[in-house]
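Please go over the structures that come below.
Look for subunit A in each of the two complexes below; its partner is subunit B in the first and subunit C in the second.
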Partner chain A sequence: MADALQSVKDALGAFDKEKTLEAVNAALEGGASARQVFDALIEGMTAIGKDFEKMICFLPEVMKATDAMKAAFEVLMPIMVEADDLPEKVGTVVFGTVKGDIHNVGKDMVISVMNTQGFDVIDLGVDVPASKFYEAAELHKPDIVAICAIMSSTIPIQKDIVDYFLAQGNKEDYKFLVGGGSTNPAWAEKIGADGWGKDAVEATDVALKLVGKG
Partner chain B sequence: MRARMFDYWARAETGEMMSEKDWDLELYWPAVVEVCQKYGLEYVPEEVVPQSNEVSDNVFKAAYELLAKIGVYCQSSERIIKISENEIDETLRLFPSETILGEGTDQITIKHRDPEDTHPPNVLARILGPHDPDLLYKVCLAYVKEPRIDHVHFQGVIPYIHGINVKPGTPFEIAAEIRRRHEVNAARYDGGRPGLSDCASATVSLQGQMPAYRFMGSGDGSQVYIMPHLKTSYEQMSRVYAMHQLNRKVWGLGQAFVGGLAGSPMHAAVVCTAELLAYCVLYEPTYLGIWPADAIYFATTSRTAYFTNFYCGHAWARNTGTFAVTGNPWGIVCAGPCTHEYFWEHAAGAIGNVNVGLNVAGGTGWQSGQVNGATPIGARFAHEVGSAAAGLGLEKANELVNKCLDKYEDQIVSRQLHKKGKAFQDCYDTESCRPTQEYLDIYNEVKDELRGWGLDLPYLDD
Partner chain C sequence: MEVGPGLPVRIIGERINPTGKKRLTESLEEGSLEVVKEEAVRQAEAGADFLDVNVGVPGIDEPEMMVKAVEVVTSVTDLPLVIDSSRPDVLKAGLDAYQGKALVNSVDGEEEKSRELLDIIKGAGAAVIGLALDENGIPETPQGRLEIAQRIVVWAEEAGIPREDVFIDCLSLSVSAGHTAGLITLESIKLVGQELGVNQVLGVSNISFGLPDRGFVNHIFLAMAVQNGLNCPIMDPLDMEMKMAMRTAEMMMGRDEWCGRYLETYREKMTAGS
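For the complex of A and B:
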């Protein structure tokens, strides 16, 4: 059993979706519970996250590992539902870069670190208007709405997005996390955001605190 | 050469279609890994400045093969622009070995620079990040009053105008850009250097930039991106075409994000070099830079970012005859002004750059993330140190760059370095636009220590 679970982690650590799925199925056939395999995947992903922060592995590899993990979850989730053995979710995040800003590097780095910490992140991409943030939040009901703005002149748009939720009357349903460029904690407080992160590591730490896991 | 641009751009309408994610993960990244493995290219942290010509030549070969194999991805059409080896070769054969910026008596010529070159480097000074609109003129004038600065990006962003926050694509963005151009022109004329080149790119949108074109000098220009990594868009092509049509300067840079999609520092050196090649083929620029940044902390002065910078620069200088490219810190360091670390970060870049064949840059602190974080003394210092270090050779340069890194690297690892420093108005006299005595004392302390390392820094210290 331990060997089978280690194989799951090894396949994930090789950033290989096909091998990860093979290892997951082999572990299940060998008698491991879906929850045990799930926990092994989370452990493997956490290790990848630590390597990512130390530049031992890199963004494309983390993105591939995330794809592999999500594919494995699709196999495991129905089994865990049937067994009534669902793991506690870390949290869901709706994440985008504001309208007018086409930088995806900062956003992608934060999402990758969040994924390694077990967050389910819905990536809205770049150049995202306030209404799209709102629609995505209403659809996915995330714990956190994360708003990235890199350029000095796109940072004010973070306020527009928070204001949009205020105008709709349900800002309090979500936690707002902002970051990027010349943002700072005072700006986050000024616009009514709940948290601020300078970089991928800090933003993820703050996100964990916002969902009570930090 | 410019007749070829549309030939390449047209391929964005006919090339193979692919999602951006598939480009990143299924085509680009495996190709980067493959070419690095083929040439045995690996990151050696202690050799932050390259110690082998063969390794740097292999970086260039790997970059050349990478671009010829995968091309450039157009985000607008979601198609691939393929570029052949013959087209890369032709571009490099025809590419100018000199370029001119500025006008009149302020005009400068940037020539090719060999790694062994003993000539003083050209220096680019950059003003970046948000600036108090009422202070921007003073900051610009301080830059104009630094005689060692060759050309400038007066790119201080005006965050609000008419009492409204400036956002892209709004009339406020246009108004802010016109205001910025007026402040820059006033400072250039008042300071007696009306032809000093400004190649700032302060607006986000092209439409925000266009109405202010009429205030540009003939020696000025603007930036266009090769998007990281190896991507372009119709927006970028439009910017290139606009600048060429106006007969103004076009500049851009390789900007590999180390640890991000560019991979390890060595992967990133290959990617950054390939981006420079792509830039030359697709855009035919007037000026070039490289700006690798650590993607975790967004530092241009970390060991990893400098490694990428120096290997890319060495590969480029040894294998092309183009005018010299400007290297990191590309005008942005992590520590704020009026700190010892601000100077050590500049020193590391200047020493390494001149010995691999790059030009030098300096100016803005705080990773350009805080208000009024630009001071020109960093660019002055980069020129002084670069001039003294030119011709030292790769081995000595590596030794000194490592010593510079020892002065601040731990604060990058702990992600604290950006918290130090003072704003322009707190370390410059805003009447004379000269540094305060406190700032000069720090500057002279670092210079004294560099003299102790054997660098000849004979200039007057204010």
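For the complex of A and C:
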């Protein structure tokens, strides 16, 4: 069975959706529990995240692996629900790029890496007004609200969003994570955010700390 | 200087823009224009044809800074300026301060906002860059980007700005996040060229985000964009490899008689390297 789980990791490590699904099904047929296969996938994805940080693999490959992992989750989820053996959720994140800014790649990178660590991420997309961040937070009750802005002209809007929550009296319900472009830790502190990350891996590490898992 | 499709490719120097540039950002925060001045001189010496001027830093008086930047840049070079801001009041301040014929960066497919700006631009006798995006984002098809470009050209002409003063930016997304991003941009450029015959600008470096060896990707993409009709890349004129790629593309398209500009750029590169 160890071999079968290794094959799952290998297939994911080759960023191959078909092979990953084949390996997942083979492992299940060989007697592995859905939860064991799930854990193998998370382990494989964590290794990919590390390779990404070291520039051994690159964004399109991480995205391809994420796609394979999601397809495998669709097979595993119903079985884990049936067996009442669901993995512990690390945390929920509501994530978006601010109004006036249409950059998505950096945000998508962070989301990919967050997924590898077991975060449930609600992606609000780009050009997101403060009110939409707020509504999504009230709906999903996330642990973290993550706000991306890339351009020097749109970075100030991160503050507007934090202030929006402040004005509604709900800022303390969530942790705020900001990043992108020329933002820095001093800026994050100044606007009352709880965390900042220079890249996808660091942002995810900070997110883990914010939910007490780092 | 003449600018037009079929004429030599013109470089819009991108270095006076604080996004992602620590030194320039800090100097602007301190109210100093030394770095702006220095970048203007360097880019002019490196053969830029236009200079983009963007002073968008959080927490400063941006209209006032734009006026000062325009004054400083025009004190060291006669190159035409691209007044660049996301704020209409900053664009207006820049236009008022500038004596020459500016290019304004930018309007887009959002009608009300863009028409208002186009009237101001017309009043200043300036030219304009139109981005192929609107309130729904960046269209995923060349046809969609063309339609926005067409709208912008119509609004500009209705405001009294002639078509030759409208520069369209078909925009490039990152190919690492969507493998057809490059193709869509290239086809958009070609389509806009065929249907509208306007000048076209493009910042190419976004294409390579998330990939290793970005310079290489940028060079090839720039060459392909020029082949398809890009004639005013927004780029770093100090990047010799980029310039060589651009000149090679022009040469291959039969637009560089006796290979003159290619050889001129080659000599520049040799001098810069020595």
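Going forward, the second predicted complex is superposed on the first by the 214 of 214 C-alpha atoms of A that agree within 3 Å, B and C clash if a C-alpha of one lies under 4 Å from a C-alpha of the other, contacts with A are read in each partner's own complex, and residues count from 1 in each chain.
Here, a residue touches a chain if its C-beta (ideal position, glycine included) is under 8 Å from a C-beta of that chain, and two chains touch if they have at least 3 such contacts.
All of these numbers come straight from a predicted model, not from anything done at the bench.
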**Message:** Once both complexes are superposed via subunit A, do subunit B and subunit C end up clashing or fitting?
**Reply:** clash
**Request:** Have a look at where A:T92 lands relative to subunit B and subunit C in the superposition and call it first, second, both or neither.
**Result:** neither
**Request:** For A:G100, decide between first (touching subunit B), second (touching subunit C), both and neither.
**Result:** both
**Asked** Should A:P156 be classified as contacting the first partner (subunit B), the second (subunit C), both, or neither?
**Response** both
**Prompt:** Looking at the overlay, does A:S182 come into contact with subunit B only (first), subunit C only (second), both, or neither?
**Reply:** both
**Request:** Please indicate which partner A:L59 is in contact with in the superposed arrangement: first for subunit B, second for subunit C, both, or neither.
**Result:** both
**Request:** Pick one for A:D199: touches subunit B only (first), subunit C only (second), both, or neither.
**Result:** first
**Item:** Partner chain in contact with A:M109 - subunit B first, subunit C second, else both or neither
**Value:** both
**Request:** Using the touch criterion from the header, give the chain among subunit B and subunit C with more contacted residues in subunit A.
**Result:** B
**subunit A positions touched by subunit B in one structure and by subunit C in the second** = 55, 58-60, 63, 100, 102, 105-106, 108-109, 151-154, 156, 181-182
**Fill in**
Counting only contacts in the complex, subunit B reaches subunit A at residues 21, 24-25, 28-29, 129-130, 157, 159, 165-169, 173, 176, 203-205, 228, 235, 257-265, 267, 295-298, 304, 368-371, 415, 418
**Prompt:** Can you name the residues of subunit C that touch subunit A in the complex?
**Reply:** 18-22, 25, 56-59, 85-87, 133, 137-138, 173-174, 176-177, 179, 209-212
**Item:** Sites on subunit A touched by subunit C in the complex
**Value:** 55, 58-60, 63, 100, 102, 104-106, 108-109, 126-127, 150-156, 181-182
**Prompt:** Where on subunit A is subunit B touching in the complex?
**Reply:** 52-53, 55, 58-60, 63-64, 67, 100-102, 105-106, 108-109, 151-154, 156-157, 159, 181-184, 198-202
